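Every chain is named by a letter (A, B, C and D) in the order it is written, and numbering of its residues begins at 1.
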C-alpha cells in the first residue's frame, strides 16, 4: 500500500520546495499525499493558502485537497518584526496571476486532519513544517488523534539552545510554544525531529549550487523558487543556503537521508523569560522520562541535493525513491 | 425575539442547579436554550455528559441538543486530588438508572458552538460555568467566533487573589488557565464575570434554607440535588451553602440579580509559581488597557433564593422572569 | 528597658513623616532609635541618604547613626518611569542648604544591621518602610539574623492583588520582589504587614486635614513636609491624602493603632508575567503552611491623625505614647 | 608584579585538585593567592570550610587566609538529593584528624572580597568554582566591586542546554541561578567561562590515567584525592574521569590551556519551568547585546594532565608555569 501522508505547512520559501518534493513523490506514486493543511506562521494563514495554491499550480498536479487551518497561535499571537520569508511568505514578489483559493476545502484543517486520521487509523504520517497549532488543536479536539497517526515528522525546535528568532528558540516552536509543548507531550507514534542546529550546522549547501544548479533548471518549480528566494539569494543572509523544511520532507520520503539520529525525551519551555519556545532535550538522561522523539543528528547532504533537483523536476535527475 | 443562549458546563453540583434554572426559563419561553455544551472540569467530560443527561431527565424537558466537548485542558491536564464534586461530579452517588448518553449529538461541542454562533450571529449568549476550554478552542478555530456571540456570562476567576483550589486561583480558571487567558484576551462582546469572592463572601445562603426550604421541595429537581449534594450537606464544608454557577445563570436570566458591578480590564496569570490561573484585575487603572469585563460585585441574594426555588420547580414559587 | 528599633527606609515623602514620628518617640524616651538604615527605592540610595539627613535636621535630634545601604534591588534594578516622590525622593524641591552626608557611618547598612542585631539579640525591632533589600542581604550574610530580631514591621505588599506600580503589585515589594520573598520566607519573629489595600482603602485622611491641620503647624517638620509634598498636594493624585509608611511607624509605636488584624501565610510571586512582586496571601487556608505574618486589616484613623500631629511636633498635641 | 588571585570555592572533589594547582603556583611564586573564600554548594559552607582547611593542610602551605562565605543561595536554598561529592563534599570519608577551622578569618567572605578588591583595584582576579553567591552578594553590597576585579574565571553554566543536575542546567549555576544571573549581568572585566559541555565532551581523561598516574603519586595531595574520590573512582560514574574546577584553575594559571574560545553575550534563565539556571548564550547573535563572556571551547588536555601531576606535587613533573 502506498504510504499516506498529510503535510501541515506555513508556506514559506522552504515549505514550497518541501512541497515540490512531496508532490513529486506523490506524482510518481511513491506516496499518497492525501491533504495539505495550512497554518499561520511565516505569514498569515490566508497568505499561506495563496502560497500553497501557487506552489501546487507550479507542479501541474491537481486533486490534492488543501485545508485552511489555524489563524493564530494558541495562547499568544506571534508578532512578526522582520519576516524572513517576506510579509506575504513568498518574498513579497508581485505575481502576474492571482492564486485561485476557491479550490480550498470548506472544512477546517483541524477537522480535516481529525476526519482523515480517523478514517485511516494508523496509516497517515504527518509532515509538519510550520508552527504546530493545527496538530495541537487536533489533539485537543480528539483525544485519540495522537494515537491514530502513523508517524510524525517535524521541522522545528532546537537541540543545543541555539535560537534563530529569539536568543534561545527556533521559529516554528517559538511561534506557538504551547502547541509544540502539547504535541511533544502527547505524541505516542514515532516522531522525528529536524531541528535548527541540524539545518544550519550540518547541511551545508553552497549558494553557488543553489543559484547555478538548482536555480538553473528550466522548470516551473525552479522558476517559482528563484522568484520567491530572489531577495534571500541576493542578500545571502547566511554563509550557505539554508534549508529546513526540505530536510523534513526528504527524511520522510527517503529514510536514507538520515545518517545519524538518537532518541531522547524532549519537551518545550513555556515560561522562560529567555527560553520560551526552546526545545528542552534530556541529553544527560537526567529525568526518568522515556524518549518521545528521534532527533536527526546528521543527514546525507549529497542525497538531499539529488532530491532537491528531482523535486524541482530536473529532467536529468536520476534520483529514485526507494521502494 | 426570545433570547438565545448556550450553556457550557462541567456538571457538577452547582451546574445542575444552574441548568435547572435555565431549563425552567426555557420551558416558560423566556429564553431559547439552543444547546448545552459539555466540558471536562469537575470530572471527566464523559461523566459530565452523563450528569447533563441526568439533569435534563429530571426536568422532563427534551429536545435541547447536548454536545460533548473538550476532554482536557489546553496545555496541561488538570489533575484532581480531592474532587469537591466527587469523582463522578455528582457526589459519587449510585443511581438506579443509567444516563442515556445516546441522545448526545455527534458533532463536537466546539464545532457545534461555531456553527450555531455563525448561524445566528450576534444573537446567542453563552453562559460558561466550567473551564473555558471549549470557548478558547472555538476562538482559535474560528477567528470571528468571539465577535459573533451576543454576550458572555462566566462563572470563574477571582478578583482579590483569593484561591479555592490553589493559594491564589479559582477552580474554573486554574483548571485551564490558558483557556481563560484566551477568552479574556479575545472577548469583544459584553462579558460578565461571577468570581469566587462574590460567591463565598457576598451570597450567603444558610444551610438550613438549603436543606429545609430548597431541599424540602417534592420535585424531581430537588430530589436530584439532595442526592448529589448529600455528602456536601452532611459535611457543611463551608459556613454557608455556597453557590457559584447558579449566580451566573441567575444573572443571565434576570439582570435584577446584579445590584452592583464595575468594569475592569482583567487577564489571567499563566506563568506565576503561586498565581498561575489567578485572574488579574486592574483595580488601580495602572495599565492603559480598556475594560473587557463587567465584574459582578454584589447580588440580590433574596431574589436568587426565589429563583432557586422556581428553578427547582417549586409549585408555590411566584417568581417571574422579567420581560 | 526602652524598646530598641532600627528603621530601614527609602526616604521618601511618607518615610519622612514616619521618621518624624519615630524620632519624636525616641526624643521622648519611649523608644531607642538605634539606627537608621537607608536603601534605594523611591530614589537612589544617595538621594535617600541626603533626604534622611535633611529629615533628621528638621527634628534637631542628633546622634542617631545613619547607614548607607543597598544601591540596587537584588536581581533586577528597578527602573523608575514617573517617580511618585519626584526624581530625588523629596518632590524635586530646590533646597537652600546641602545635606551634610558626612555624618553617615562608614559601615555598610547591612553590616550595621547584622552587628547591631547580634549585639542585642532578641531586642531590636525593625520598621522597614522601603524595598526589603537590606534585610534580605542581612539574612543571606548572617544565617542567624532573622532569628535575632525582636519583631518586624513592614510597609509593603498587597493583600487583594491590587497594584499601585504594576497591575498587581505594590511598590516596595515590586521594587525588589526577591528581597520581599526572602524576608517573608525566612522570618521567624512576629512580622506585621501594613499592605497597600489598608493604606488606600481603610485609612482615609482628607486633603483638607492634611493641608490645614497638619500643614498649618508652624514647625520645621511641618514646613519640610509641606515643601516636599507641595506637588502632591497640588495634584491631589488620590481622592484623599494617602499615608503608608506612617501607618507602619504608628503601629510600631502604639499597638492601639491596630484595630483589626489576622494571621496568614504569605509569600511573594516572583515569576508571574502580570503578578511579579505581588504578595500572595493564603486567605483560603489552601496550603498547609503556618502563618508567618500578621496583616493589619483596620486601623484607628483618628489615633493616627493625633500621632501625625504629635510627630510633626504640634505644641498642642496631647498624644501620649502608651507605656 | 605577581598576579593576585582569590579562589571562591565549594570544596568539593574537583575544587580540591583545583586548589592544589593554585597553591602550587602560589608556592612557586607565579601567583599570589591572596585569599580563599568559601561558599555553600557541593555541601554546607561549614563542611566546605573544613574541606578547604584539609586541602590546605595537604599542601603544607600556611598563611593563605580562608574566609567563610554564604550559607545559602540567594533566593531559594538548593536541596541536595544525591550529592555527587558526598554529603560532606569529600566523599563521606572518615578522617583520623579534625580540620582546624580556628584558622578561619572572622570577616565574612563577602566583606573580605570587597575589602581586598578595593585595596588592590584592578589587580585581583577571581577564580570562582562554586555557586556564585559570594560574588553576587559582593556586587550588591558594593556597586564598584564588579569594576574593580581584574578578571573573572568561572566554572559553571552550560553552552548547549545540556544539564547535569536538571534537564537543562549545570550544577553551579542551578544551585544559585539568581547569583549567576547577577554576576553575568554586572560583569565588566574579562570573564572566562568553563562550562559543562567543555568538561564532559572535550576534556577526556581516562580512568586509568586518573588511577594509575595521578593516583599513583606518593604525595599528600594525591593521597587526599584518592581518599575523597575513592567512591567516584570505584563507580566510574562517567565513561572518563570528569574534571571541572581543575580546568578553570588551569586556564587561569596558564593561558596556553585554552586552545579555542569565543566571545558571546550570555545570561541565565531564572523563570523557566525546565530551564531555570540554564546559561543562555546568544550563539546566533539574535540580541543586540555586547559579548560579556569568553567561552572556552577547547583545551589542551595533555597540558592539563601535566598541570594536574604538577599540582599534585609530582616530583617528576617538568611542567613550568609560563612567565
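Keep this in mind: a contact is a pair of C-beta atoms (placed from the backbone, for glycine too) under 8 Å apart; a residue touches a chain by one contact, two chains touch by 3 or more.
What you see is a predicted model; the values in this text were computed from it and never measured.
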Per mean C-alpha coordinates, the chain lying farthest from chain A is C
Chain B to chain C, mean C-alpha position gap in Å, rounds to 44
The distance between the C-alpha centres of chain B and chain D, rounded to whole Å, is 58
Distance between the CA centroids of chain A and chain B (whole Å) is 41
Expected list for chain B, residues touching two or more other chains, is 270-271
Full set of chain pairs in contact is A-B, A-D, B-C, C-D
In the complex, the residues of chain B that touch chain C are 159-168, 267, 269-275, 278, 280-284, 286-287
Listed in rising order, chain C residues that touch chain D in their complex are 70-72, 74-75, 108, 110-111, 133, 137, 140-143, 178, 181-182, 270-271
